[in-house]
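In the two complexes that follow, subunit A is the common piece, with subunit B as its partner first and subunit C second.
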Partner chain A sequence: MSKPNKQVVTPQLVTDSQTAIVAQNLCFTYNAKSPFSKQALNNITLNIKKGEFVAVVGHTGSGKTTFVQHLNALIRVQSGELRVLEHNLSQKKVDLKLLRKQVGMVFQYPEYQLFADSVLDDVCFGLKNFGLKDKAEREALAEEAIGLVGLDFKEVKNKSPFDLSGGEKRRVALAGVLAMKPQILVMDEPTAGLDPRGKREILSLVSSLNKEQGITVVMVSHDMNEVYENADRIIVFRDGQIAYDTTPRDLFRNEEDIVSMNLEIPHMAKFANELERNGYIIPDNCKTVEQTFEAVMRLKGGE
Partner chain B sequence: MLKDVTFGQYYPSNSFVHKMDARIKLLLCLVFMVGIFFVQSFVVFGFITVFLIILIASSRVPLKSILKSIKGIIVLLLLTVVLNIFFTKGDPEKDKLLVSWWIFEIWDAGLYFAAKMFLRLVYLVMGSSVLTLTTTPVDLTHAIESLLKPLKVIRVPVHELALIMSLTLSFIPSLMEETDRIINAQKARGADFDTGGLVKRAKAFIPILIPLLVGGFRRAEELANAMNSRCYEGATKRTQMRVMKLTWRDLVGTLVVLLFFVTVFVIFGMKSQWINANVDWLYINDVNWLYF
Partner chain C sequence: MDIITLDNVSYYYKTYDENNDVSYAVGVEGVSLSIEEGAFVALVGHNGSGKSTLAKLLNGLILPKSGTVTVAGLSTADKKNLFEIRKNVGMVFQNPDNQMVASIVEEDVAFGPENLGIPQPEIVERVSQALEQVGMTEYAKRSPHKLSGGQKQRIAIAGALAIRPKVIVFDESTAMLDPLGRREVLNVAKQLNKQGMTVVLITHFMEEVLDCGKVVVMSGGHVVKIGSPMEIFDDDRLLSSVGLDAPRSIALSRKLKSAGFNVTENCIDAKVLGGEVCQNLTNK
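Coming up: the complex of A and B.
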């Protein structure tokens, strides 16, 4: 594909201390130069600030997973520029250990990565790899992370991870990432396959990590309702390109286009769109049922 | 990472050879392999070369991918050539002794024999790789199942064997994908597979192997459940989604290959070839058992 034009690139790539992720003309092709070659990313340009909660959505095969795997150098940059925190991933030499410690990655079905004899060992795996030698310190961090995901540390620490239920396993896997205290949390469909309550709990945990600890969150999801309620900003991938990069409310005003990309319109967005069409305007930040309800009541009271 | 390794060798294209029936291709490949072993003279090898060139051209597979398959047998090739050069004893009345040193003797007959063995092995691999490059593993399994059908009479569980084969094949890509995902997940947690001593590296694979094994059992169990719940019963008159049909291509292909071999063998003295071939077989059985 076309090489990024250096003259255009440089001025926009200036990163300041507020920037978490910058990409410029990022391209990636699987199996390049073979009959199986497939372009997964095509000129991705975006800028994510520290503390943002960004959702990445798109139809299967739109390139979202490929993009997020770039963020901690599991996939190396083929062409274009990518900076994550202080790392320049377009260069060959990257401090992978530090990068992967700072950018915590939670994969799809993370419970399938568990392997250790005990929950404690599994949660400590990352810490050990990143060179934390002191056992007591490791355990303290593990305890904190396990508590954070809503499990009882004393009860589960010596259990085999394979004896836990599906939801608990996922929490343990999440704790294994959170224990490393990442600055950026990248998650690929963290709620897939969970029951509604498990979904809500994981999402409220992520949301509070984002709001209270200022962790930057990049979440890939197929569930438009959860995206709509939680994200500050939604990036829509279509055929390896960014189709939309905007706030949830603005995004779902383009109902036809969204449906044409095989994405759903969240219930609350549909409701708000319908109100707008009939001349009732509610504030853009009304994303949950409760917020919408209050806004509608206020509208009523005002009339 | 693992996605770069294309599973099997299949090279997608729409060529004449690709479109041929897998069963016919398999049978013709066998004919070719057997034929190769009867070839004695370099002239015939010349004809085989022309045949291979035409075959490869009509399969539209790049020569590079075919030559790649030779890489796998390079050690065997070298060993064959070296052993044949040094240990073929010529007939003093007919052959010429070229070099003699300590216990080693190099005869011109040995050189010829080594060259022929080399060509034979290379052509064998090239011929069979045309088959695997133009036929998907799934089609190959179906072809084997279909060709082995007569064995059902003597109660060989052909269908079950084919099922095991195709299940194995279909599991490989998903297991590779899962391996890829687990490797990535552990890497993201700082796992390091590339540095450290042997023990450390071997230990680094535990976090991959255990989840993979657990996942493998899980998948197998899920599949067994899925098959049971659909009342899978094995060989009781199942139909296939892809029915293999013979077309004019198969007729043409078969005729071309058979005509080629028949003509070449008729022209170049079938009778003497047969005798030579017999001697050759004995020779292989007695001395050069390494080939098998």
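Coming up: the complex of A and C.
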């Protein structure tokens, strides 16, 4: 096959209404024309449908953060094609305001970005910036978002965000993004630094946003146990390329290769793999401790 | 011999409400604890349980409102002792980017001994030894900013080591690292302990406490349990009440054991556990 002419949009890139993100041969090099140039993305091609819960994993420096920063045009496309919803990010002209409203970006340690005097002001900040002039309308959206993240609006709205606990601060930061009613939520390690309870709270919140509100979730994470249990699909980045793009259960069947990328095998995957090697099958959808235990009990009870 | 002793220590944080009225929030309350020389002790608890407050009490960064903290026989309450105490207790904090003070790795590590007024030839020796202990010798002339998180933390550890402390406190030093970085830091902690260093490891990752001699569980500013890692994992009710999780493999092995499976209780290796379960299934 000959290389497609750069001026021509490749035909297979036509997206339908079910597609959230589609990338084709996406490449990115930092410090391009300098001695320090480093290729961060090398021919990334993928397709994410609306409503999916996708985890993006990979060792530090594998390119995963560079990729997700493309999704709301924080990094502009250098070469290759990228469509996000109705936007063609490969073109110069992009409706950034609309795009960034539709694609909510939650950075690492988002609570460091809280700044306002009250929780309400902080959550309203984005709405104001995006040009929503009606104060009552802003506050109504903020109230809804604060409720979504599981905080009591009346109780917290006038509090300083800095008086909240770590987990609560993170939820306020998340509410600031959710108030914009994004269709796609991109999160960079949303549970990093939280204790186990805080992690569970954030993950169940993200899961319910995905399942109940239909928000497409792209989550970068280093915690293989949590991606294994929560994502529908895992994309593994290695040296700027996609090494795997598959279901959690299938991914972790490749134990040796995963370990060679300095990633960990989730406990329950390791357990299921060992049973499989001995001819006992734990169903692919049994991924938590509880589900695995029940599957073993069914095996014991006699098929 | 105990290197650190806490006797009925309490610390409260001052907080102000909307009307600027002062109230006090518990940091830690009524904590008594002793840490033996050469021990590897983990302090675990949820966010806000008081474990970082406790860490800061250990080298006099904060002073108890009541009770006493004694380090190598010296009370932190006496200002004259603080210099000596801080030489004995090194700290490594959470954020690797906040602990770098120089633009060259070896200068960063030399910062502590320089401040202590150590003669130059000895500083050179201490720096090279500290870098060797954390396996970062080849990075001596590099800029710390280009290093990975785990490497930065190892430089921070070397900086603490250059002061030649008797104790190193890791205050959630692995929380912001990726799995590889976390392993790097933990391995250094274990190695130092093998060489005789007293290590206090503060964390909420329960997998990190497996190799510790003693685990101190904190909740609401109180010590709620002290025991070996396995004794802590044995207490499911306590763990869930303080918001901590046993590693998943251990949680599964405990469930299977109580359901009548012949498996290792508290099995940390899921592969071993899987093998044991297969034998049970085959022999049923």
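By our rule, the second predicted complex is superposed on the first by the 292 of 303 C-alpha atoms of A that agree within 3 Å, B and C clash if a C-alpha of one lies under 4 Å from a C-alpha of the other, contacts with A are read in each partner's own complex, and residues count from 1 in each chain.
Assume a residue touches a chain if its C-beta (ideal position, glycine included) is under 8 Å from a C-beta of that chain, and two chains touch if they have at least 3 such contacts.
Since the model is a prediction, treat every value here as computed from it, not as a measurement.
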Clash or fit, subunit B versus subunit C on superposed subunit A: clash
Which superposed partner A:97 touches (first subunit B, second subunit C, both, neither): first
Partner chain(s) touched by A:120 [first = subunit B, second = subunit C, both, neither]: neither
Which of subunit B and subunit C A:220 touches, first, second, both or neither: neither
Contacts of A:297 with subunit B and subunit C, given as first, second, both or neither: second
Which of subunit B and subunit C A:110 touches, first, second, both or neither: first
Partner chain(s) touched by A:234 [first = subunit B, second = subunit C, both, neither]: neither
Subunit B versus subunit C as contact partner of A:151, first or second or both or neither: neither
Subunit A - residues contacting subunit B, complex: 30-31, 34-36, 69, 72, 74, 97, 100-101, 104-105, 107-108, 110, 112-116, 125-126, 128-130, 162, 176-177, 180
Subunit B - residues contacting subunit A, complex: 3-4, 6, 11-13, 178, 181-182, 184-192, 206-208, 210-211, 214-215
Subunit A partner contacts - residues on subunit C that touch it in the complex: 45-48, 94, 148-149, 175-176, 178-181, 204, 206, 243-245, 247-249, 251-252, 255-256, 259, 261, 270-271, 273-275, 277-278, 280-282, 284
Subunit A - residues contacting subunit C, complex: 59-61, 165-167, 192-198, 222, 224-225, 262-264, 266-268, 270-275, 278, 280, 289, 292-293, 296-297, 299-300
